[in-house]
Amino acid sequence: MPNVEPKLSIGLWCTAFAGTEVFGSATRPPLDPMDNLRLIARAGAWGFNFHDDDLVPFGSDVQETDRVLQETRRVMDGEGLVASMATTNMFAHPAFKDGALTSADARVRAYARQKAMRAADMGAELGCSVFVMWGGREGLEVEASRDPREALAWYRDGVEFVARYLADSGYGMQIAIEPKPSEPRGDIFLPTAGSVLGFIATLDPAVRDRVGVNPEVQHARMVNLNFVHEVAQCLDAGKLPHIDLGAQKPGRFDQDLRFGAEDIKETFFLVKLLDDAHWDGPHAFDVKPYRSDTPDDLEDLVRGNIRSYRLLLERVDEFRADAEIQELLAECRVDAAGVPDDVDALRAFAFDVDELAARRLPYQRLDQAVVELLMGVRR
Amino acid sequence: MPNVEPKLSIGLWCTAFAGTEVFGSATRPPLDPMDNLRLIARAGAWGFNFHDDDLVPFGSDVQETDRVLQETRRVMDGEGLVASMATTNMFAHPAFKDGALTSADARVRAYARQKAMRAADMGAELGCSVFVMWGGREGLEVEASRDPREALAWYRDGVEFVARYLADSGYGMQIAIEPKPSEPRGDIFLPTAGSVLGFIATLDPAVRDRVGVNPEVQHARMVNLNFVHEVAQCLDAGKLPHIDLGAQKPGRFDQDLRFGAEDIKETFFLVKLLDDAHWDGPHAFDVKPYRSDTPDDLEDLVRGNIRSYRLLLERVDEFRADAEIQELLAECRVDAAGVPDDVDALRAFAFDVDELAARRLPYQRLDQAVVELLMGVRR
Amino acid sequence: MPNVEPKLSIGLWCTAFAGTEVFGSATRPPLDPMDNLRLIARAGAWGFNFHDDDLVPFGSDVQETDRVLQETRRVMDGEGLVASMATTNMFAHPAFKDGALTSADARVRAYARQKAMRAADMGAELGCSVFVMWGGREGLEVEASRDPREALAWYRDGVEFVARYLADSGYGMQIAIEPKPSEPRGDIFLPTAGSVLGFIATLDPAVRDRVGVNPEVQHARMVNLNFVHEVAQCLDAGKLPHIDLGAQKPGRFDQDLRFGAEDIKETFFLVKLLDDAHWDGPHAFDVKPYRSDTPDDLEDLVRGNIRSYRLLLERVDEFRADAEIQELLAECRVDAAGVPDDVDALRAFAFDVDELAARRLPYQRLDQAVVELLMGVRR
Amino acid sequence: MPNVEPKLSIGLWCTAFAGTEVFGSATRPPLDPMDNLRLIARAGAWGFNFHDDDLVPFGSDVQETDRVLQETRRVMDGEGLVASMATTNMFAHPAFKDGALTSADARVRAYARQKAMRAADMGAELGCSVFVMWGGREGLEVEASRDPREALAWYRDGVEFVARYLADSGYGMQIAIEPKPSEPRGDIFLPTAGSVLGFIATLDPAVRDRVGVNPEVQHARMVNLNFVHEVAQCLDAGKLPHIDLGAQKPGRFDQDLRFGAEDIKETFFLVKLLDDAHWDGPHAFDVKPYRSDTPDDLEDLVRGNIRSYRLLLERVDEFRADAEIQELLAECRVDAAGVPDDVDALRAFAFDVDELAARRLPYQRLDQAVVELLMGVRR
């Protein structure tokens, strides 16, 4: 039995992605947001995530926004679907072509704040618990174009503004800043989960507790970093309100493959880490259909994510129940008995370094056992 | 049942690696070559691979060399172990500090040839079928230091010399050139399996057929290339006398992890490809113990490789026997019925591009089925 | 003085790129092809390159195609602009969503051939000397979806078909296959210049001489390979009909930055290599405007490429004339005097390996001299 | 004129590196520490950096340690050389084969603390201002071997212990934790400057102010991150007591090339950032000789670093004085005039998004100007 039943959600933009990219045009027709909600619910998700523009077309007025939100609420109620996370699209419109909160144009920075306020209102209206801020355009290609310290200062101003807005509005949502190293910008500010954690430490203490990280598996894999360790650091810091799950071939453009489709071993350890930590935040699939998928394949995409998460969670149970693995793990630890704690005693203590060097660590056996467990041959 | 029973071998240098690297000294004592052979045999390997200096200490004379070879033969016979592949170490000695066959010093190039001749003699004596050439020092850090065209020309001269030596000596060994993108040099000439295939095409036709590629899983993963495709291209060209197997976290220094330890899905497709092709060359594990392994862990290392190969081969069987997977695969193909072959007819043919665009390809379902098969939940 | 005056061309798609990508919509209006030609000519380019669909809208009939080609010819004549390279767009249309020449649908493969024929006709009509084949969709995300050997066989059939078509039509164009490791596909077949060279060696000898490589700086940098060495191998093999020039931050999505914008040292050695080899093929800039560029910035983009190429060529001159650098280079070489060539003599020769190991190689000084030369402080 | 005259130092381990690595043995003889100090001083460095074991052989007693420190002091005085940074080697000895401060063996963790105390004593004795902690072995290859949260907790305990030791001993040294993503471990905890900043935020507030980051150019380039942005974040957080400078081909094993040898443009922006920030901490070259360097080339290595730093600093001056560049930069900014600050006013404000989208940003021209400035053609 897992420690926590995972809340599995998915973004509306995932299933709605029509396939347009630099080298090719759309391969699927637009997907109506209400149909999209029904599709996601039918495929077994607990909740959904959205950008303002995913639900309400860019440029809609207040009346239209309200109408869509009411309709959304009706579909949610009908399908038993939760609105888990809201976010604002600050990257698609040409106004953001050189940044939103970090634009060198003060008008763009202000416009981005306005757009974030409205998206937060929508999220609050639908009962979201998390407000994600992904700064997809907060970066550069031309190093001369910014003093990166100034960009960070603008970024901080923007995040603090939104955090204060949430607080002043009485909204309960946590902010989760999403790191990414590059794409669509050549270099994005706050490229890793660590850099977001470091950035949060510089925020106004009055709002700092409201801000955490939204790490994404794929974004760490793009630069060949270990995402289990990224997430562990967020947990260690008490700053993991949300996580984005998917898969990615390493060292490439952002693929957003189906969760579990790549790197089974490290993905298993991510699932294990989250459950070990009794983490009960929203597990959000942030994936894209293949460009070759037809509308009929979208439900398979959603179901595959959920299925792989649950299968890996079963393997976590088996890992915990595996006597040999648990013995090997126990063998790997030596407790502190007899080692001095005190500075003076420690200075004088004579360590037998050869003994320390010779200690056996049965890691080949342990790692092979994990591989075989994942392949289902230890049951 | 697999199409071909794989011949699983391992390098003497693998188990003998004592742990010395840039940042740390040896963690294990030297391993006597004869003990090493017995260890490998006991752990279940079919064969072993060696550099000249792995068996016979650098600088040994003819008498000592003969003595060691005779002893080796006795151990091989006693253990039922095959000498599968020989190679020459042209990278460890400081004489090769700036290249061996591509050194700008003609004396070093000649010395490298002499050393290769002696290693080939040893390989022939022990009955090896493959002579690997890994140009670990054939590269540079200082781009100005070489005209890369001249380096390729020297490289070609060297390979042709060795190939002629094998032919003239009546040795049956195939040459297999091993690509690697970097490490220990900043950039190594012939960085990928493709570049070796391209290089072979420029060799003297009189020796070209004797030369193929020795691709290594890890070396492709170091630059995030798809090693299944690398190996497929070697097979397609009829140039795969040998393969080096192991595992590697992507985009990093050369790790030489235990085969199967990473990237289970792509590794499965490699095993499938080799068996699909009825390939019966030597499957060589080229792995390193962890620096934390004690001598007692070395046998686990060898056994783990073999075990994972066999487990993946079982999964290949299951893939072939899986009715749903086979149906999905069939669905993905459309045959040529009705499509003109002839240029004039083809020019005039009216394709329905919208129909082509709309075709369903059940890849989400197919890929998810593969993941579940690998996790052992489709049996 | 350079050995060869470089022919500097640019693709119509470069300046016409409106900015649409996965995360954002167009930031620039469409650019009329004839205006584009004038822009390129005015900015100082010698020639231009085009996909069929860049000049003639997808789906145009023969009359419309002829009309556009005649208009193009008029503009070319008026501006003194050369049509350098033609290619066919086999990646943008949804019909190619899972491959063109390597699609598992025989109809798509045939349609791709038909489209290539028409593009070749257009190229011949405008006097192009090179026909590039970039297989942007020839790849996969789902490894199970293809036997990669079958994909290579289909690819070969397709290339041979086009090569025969060129020959049978009496067109003088060389084919240049363009490698790329990934994007838009997860993995693209023929990922590197080496893999293309290896592939060419498997082509029908009757057409093989017509086929070469179109290496691109950025595509090698995406996987952190050394593009100077890639191009050197193409030159060494006599298979460089064309080259794509630009810049790229390493290990990222395909950026297509202005030539010379990154990695000045390696870019210098590329310019030097091409001029050292007296290579006189078309130097094609394959770059994209920043998404933040307005139409007014496009001419700066074109001019910057040309300017940087010429500046680096001046540095090549200085490198050749720099007495200290030339002396250092001479110091790095030792000729073959006294080293035996013959196998028996070589076997018996006693090398002084310690002397070989101790030889001085003034590479720190040489590399520093290159850096300072590039910074303009040795003039 | 630069804002700050840079303090340029180098590590004793740099020039003393004899060339031993996984694939090859030493190419240079050992370098006596006192000779090393003289070499560094003669080559023009302001200061030097050292690991405990660089100066005093591992296992030396107190008397020997004192003797060496006195001799060191004499040489420093004679040469006018400053001891800038001290650190402890917690990675070379086999006792640290599976971690030091994060070992699962409590004895190893304690031994590592003891060793750090002694190294700190040495640093204090010689007047160092910074104590670097590079956790070269704090990582893993076998994900199952650690709960990464526990590893981080042990790491924190260790850093806090050392920080308290410095405080209690009355030492003025700042601690600088050095991130690295991998090598020698498969994955190292605290892989990036960001992750160190995030980690510092979790330290006991009583010691937190004493701890900062020691970012290294090469370690960021290994995973293709932007090191200018990494350093900017450290400056923004007020946590940059020290910096390690060198060069690195991207996406590869740790090369430690001469500063300025690669990526001239981004390196220029690093020098500019440090001077823009009036940063006056120690600029430490952390580089390695090529394995092909003889002892006679070591001075060239040291001098090259210093020379390139000064040349780039001159370019920073030129950048500031370049009228066109300064005008272009001014054009890129739009101030906040007329944009509402207040939430209610902002909510109601009507932005002209088309105008924001259409704004001209002369980045092609700006970036090209920087490239030409670096090439010395704007003087």
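Which chain is which? They are A, B, C and D, in the order written, and residues in each are numbered from 1.
Following the convention adopted for this analysis, a residue touches a chain if its C-beta (ideal position, glycine included) is under 8 Å from a C-beta of that chain, and two chains touch if they have at least 3 such contacts.
The structure displayed is predicted, hence computed values, not measured ones.
Shared contact partners of chain A and chain B, listed by label: C, D. Here the chain-to-chain distance from chain A to chain C, counted in touching steps, is 1. Mean C-alpha positions place chain C and chain D at a centre distance of 37 Å. Mean C-alpha position of chain B lies 29 Å from that of chain C.
For chain D, the set of residues touching two or more other chains reads 27, 93-94, 97-98, 141-142, 187, 223-224, 249, 251-252, 265, 290, 292, 357-359, 361, 363, 367. For chain D in complex with chain C, the touching residues are 27, 223-224, 249-252, 258, 260-265, 289-290, 292-294, 296-297, 300-301, 303-304, 307-308, 311, 315, 357-365, 367-368, 371-372, 374-377, 379. Against chain A, the residues of chain D that register as touching in their complex are 93-95, 97-98, 104-111, 113-114, 117-118, 141-145, 147-149, 152-153, 165, 168, 181, 187, 189-202, 223-226, 228-230, 232-233, 235-237, 251, 265-266, 269, 273, 276-277, 325, 329, 332-337, 339-340, 343, 346-347, 349, 351, 353-354, 356-359, 361, 363, 366-367, 370. Interface residues of chain D, counted against chain B in their complex, comprise 19-27, 91-94, 96-98, 136-137, 141-142, 182-184, 186-187, 223, 249, 251-255, 257, 290-292.
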